[in-house]
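Right after this note come the structures.
Both of the next two complexes hold chain A, though its partner changes from chain B to chain C.
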Partner chain A sequence: MSRIQIDRLHKTFHRHVAVRDLDLTIENGELLVLLGPSGCGKTTTLNCIAGLETPTSGRVLFDDEDVTAASPHQRNIAMVFQSSLLYPHMTARQNIRTSLAKQKLDRAETDRRISEASSILGIEALLDKLPSQLSGGERQRVATAKAIVRQPTAFLLDEPLAALDAALRLTLRAELVNLQKRLGTTMIVVTHDQVEAMTMGDRIAVMNDGRLEQIGTPDEIYNRPATLFVAGFVGSPPMNLIEGEIVTQDGRTRFVSRDLTFEPKLAAGDAGPATLGIRPQHLHIHAEGRNGAVPVTVFAVEHLGRESVVILEDGGRNKLHALVEPGFAGRVGDRLHAAPDPTHCLLFDRAGSVLSHAAAE
Partner chain B sequence: MSIRLSTIWSWLALAVVLIWTLLPLYWFLKNSLLTPDEIARFPPPLYPLEPTPAAFFNIFGLDYEMADGIVRRGSGQANQIIRGLGNSLIVSAVVTVVTLFVVLPLAYVFARLDFPHKNKLLFAILLAVALPPVSTLIPFYAMYVRLGLSGTLVGLIIVTLTITIPFVTWMLIGYFRNLPQVERLARIDGFSRFETFLKIIVPQGRSGVAVAAVIAFLFSWNEYTYALMLVNGTTANTLPTAISGFLFQHPEPSHLAAAVALTMVPPALVAFFLQRHIAEMNLVDPVR
Partner chain C sequence: MRAAQRTAELSNLQFSLLLALPVLVFLLLVVAYPLGYALWMSLHEISFFGGYKAVFVGVEHFADVIGDRKFKKSLWVTVRFTLESVALAMVAGLLIALVLNRKMRFAGLVRTIVILPWCISLYGTGVIFSYLAKGQTGIGTAIAYALGIEEAVNVVNKQWVIEVLAVGNAWNMAPLVAFFLLANLKTIPSRLYDLAAIDRMSRLETFLNVTLPPLRFTLFVFTCITTVLSMKLFDFIFVLSGGGPGTASATLTYRIYKESFKDLDLGYGAAMSFMLLALILGTTLILYGLWGRREARSI
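Right, the complex of A and B next:
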């Protein structure tokens, strides 16, 4: 178990900057998710923590001890790779045993650990099969057993569920969280799937273009995104973003877009181009026009059972998503009005930083 | 009619290929079982009426008494054949082992590591493969005479390696590249690069290793051009050149056929035991 600190980590490949001056602390026993689009530097960060990559500059500390120069094995981390990488020519048991090959344990202890790990993962019956004889989910469990058998200081998981089908992902991500909480070992999971991040993480670190955009609990990330990128990346269906401008007139600050005028509580001096963000569940649909509503046309209706998603088109042909009751009767082409709930509107400045959390005020 | 035209064509193609390859084999195997009289007959018999293994005894210098009491004398070429067989086995075995030693790490490094001028070096290997052996024959010969390597097994082994190493490297690069990327996993498990190669990559790539061995073996077993030039007529003579000696001696076609049949035995055994690996191996263009 270990507290992991990343101190001004910088990593470039040739001339491409993968990670820029990243500071991050992962608390002991925490499950942190590194979330971001592909190429954002999250896997490079994980590899630097693992010791598979050497940072261009910056340090990695395990429990305040500098391990930047230590090998992966010296750091005693365990890693599960994308698509549950295993040695293809070894049985599940041999794969798990290889984790302990350099641990200098006696045979009895090795066997005890293997049987313990396989009973935790429920893979006793699979131990003598080759990876090619296992299903995707079984391989994932074997890879996890291979990781926990070493009793590592931290688990590092690189897109552990990406190659699995949707139903299995759902089961296994709950299993992984359950396992991490039972063992109490620090875990870092890399994913590009925001649903996975939201459901698994104690905290989520959202990365973009080599930078940390925001770190916080799933609740903070979802409800109080610090940047436009986080707001747009997290949440499904995605947050509606409406381009506009903040103008100050007669001592009152207003957000003005093509179809919408909205009066947020903002300090003067924020004037300039801005983006309004509103979650689909806070965009209310009305048949009649009213103040603060955007005239829209129904583009598509997606019925999800518990609720429906209406995709609307405003005058500027921008798509807006709204969550509605399952009984929603609108048809494609219907002319309606969409009104953002002012208490849930977020405003972002030109650089993408949040200006106000209307809900909090 | 349920049989489709394409099926008929594939059967037809298969038949042509089989006749093309198997008919000559059949013909000399048949000849090796005939007596000289039968071979001389016209039209030639299509199959051995009374097959006799006499030729197979004769080429090892042994006399063979036929059922009718006629004794067929051992061949005067027997010493050449026996020595050639021994030399060929030595050369092929050494070439195979040395090729594997050099090629496995070499192909692995080309397949998995990045280093400066990698593609240029790759093309240098390809160039070595593309060069016809005849083109280097005279330089090699001139060099060998000065170095005292002509007429020696060591010399023949070295020259054969200049063919097998680039060729097998080229083949294996694509194979290694297609193996799962388990190196990071091995680093997490605490293996050094060399240990990873030895304990993880080689066992995992045993099909490739087997095929590399087969190719190297067959190449040196069948090698004729260099052997003819560098060792023919010396104590380092190999089987293919020894057999060609039959062409210039008192003609004994059944002995020639029996000796050729003998050269087929090791490659046939190798192919039989390793064919599964050859089928498994997935050759890919190493330059992508």
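Right, the complex of A and C next:
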């Protein structure tokens, strides 16, 4: 149990920057999700926390103690590796047992922990198999069991659920959160699945290109994205992004795009190219044209059961997503109008930083 | 019509036999014929003086070999030489492989240099080591001189000659062992070492749990190969020590050579060579039974 601080962490591999100037604090007992696209430096960050990589510069602190130079031995971290790494010549049980080898437990306690972890992950029947005899998802569950039998300073899980089917993923997600809350051990979970991030994390840290884009609660990340990247990355179907320009005229500031004019509450001086962001559930479809609506044609309709997603194409052939009632009757090629709900519009400047949080006001 | 077609076709076994036919004929000529001829010789007393004569004597040669004190001495020399050679070659091979597996500059050049001993013929190795070990030219003498001792050190003596031979033999074989082990080492994912670090394994535990397992089968195979190579080694011993001093380094191969071609007792030599064959087969079978079966199952 530990508070983990990452202080201006920088990691380069032969001039290639994997992590740049990362500042991150994970509170004691918190479950932090590291979310980001492939190659953004998530695994590298975990490796630096575990002590498997030496930072090029910057520090890692556990409970205010500088451990940057400490070996993994001294840090007492439990980790699930991305590739569900196991010792190939050991059975699942032996693999799990090696995690406990240094804990000086008696045999009964060791066995109890192993059976508890394997029942959480549903791998009791697999314990005597070799890793080569397990499927990818089974290996991943064994690797996770291997990590959670420990009582470490922190759990670092690198995409622990990536190879599982949807149903199992749903169950194990809850199991892991439940376990973490029960033990109260700091946990960092890496994922590039944003649903997983939203459901598991106390807070989510969104990374992109080695940088921290935003850290916050799932609600903050979803409803008040700080950057264009976060807005586009989090949420499914993704947020609609409409390119345009902010113009100031007659003392009034307006967002103007090809098909749309919209008047946000903005301070003056923000004129310039900008992007409007609107979530699919806040894009309303109307049959008739009206003020503040974009003329669109239906490109595809996806029925999800509880709701439907309409994919629309505007005059510039940009795709827009809108959530509609399951009874939506539109057909491909229908001409409709899409109106963003002005109270839920977000505006981002040219550099991608958010200008307004209309939704929050 | 279909049935007719089918009979015209070859079964899988027939087809594979047909494909293997040239090899089978070749093997018959180069393996079975000499082997059979040797067996025939071992059962005959062959003499050249007063005209070539071969008299059938049954298993008399075999009985004689078993009672022969010189044979027993040679058997012991072979066993000692083989044990030392194999141990040295395997340990040196493993160490070389571990060193070569490290990240270093000029790795390609270093690898080329390391494999060179294997490229030298055993005859050449014999010449090199006889220069290195004998009194007039040896490193022993050079070291003694450097230490101020004015006396030639000859390690090709009754006491140490087998060790000298084993070192030379291992020097020749170790690079091959090293390269096969290195190939195995290269297949170990480096992340496994990270896993071992997370599991807080010591260096020894990491070696035993991560590095060694993928090497074990290769270690077994090369223990067998170096055992066989050492037991049937001849040219190197012939060049370096000629079985001497006295008979101190007369291995079975050397004794077979001496009985067959120097004393011209071809039948007796042939019988002895079957003993060597039995020794080689027996040893490898025991190795397989005790060790190889387990390793073969785990891969």
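Remarks
Going forward, the second predicted complex is superposed on the first by the 323 of 361 C-alpha atoms of A that agree within 3 Å, B and C clash if a C-alpha of one lies under 4 Å from a C-alpha of the other, contacts with A are read in each partner's own complex, and residues count from 1 in each chain.
What we mean here is this: contacts are C-beta pairs under 8 Å (C-beta built on N, C-alpha and C of every residue); 3 or more make two chains touch, one makes a residue touch a chain.
This structure is a prediction, so every number in the text was calculated from the model and none was measured.
Taken together through their common chain A, the two structures put chain B and chain C in a clash.
In the superposed model, A:Thr44 makes contact with neither chain B nor chain C.
Once the two complexes are overlaid on the shared chain, A:Leu52 sits against chain B and chain C alike. Looking at the shared chain after the overlay, A:Ala78 reaches both chain B and chain C. When the two structures are aligned on the shared chain, A:Pro88 is found in touch with chain B and with chain C. After superposition on chain A, the stretch of chain B whose C-alpha atoms clash with chain C is 19-27, while the remaining options among 19-27, 37-45 or 127-135 stay clear.
Across the superposed pair, chain B and chain C both touch chain A at residues 50-52, 71-73, 77-79, 81, 85-89, 98-99, 101-102.
Put simply, chain C touches chain A in their complex at residues 189, 191-192, 194-195, 197-201, 209-210, 213-214, 298.
Across the interface of their complex, chain C is touched by residues 47, 50-52, 71-73, 76-79, 81, 83, 85-90, 98-99, 101-102 of chain A.
Taken in their complex, chain B has these residues touching chain A: 179-182, 184-185, 187-191, 200, 203-204, 206. On the chain A side of its complex with chain B, the touching residues are 50-52, 71-73, 77-79, 81, 85-89, 98-99, 101-102.
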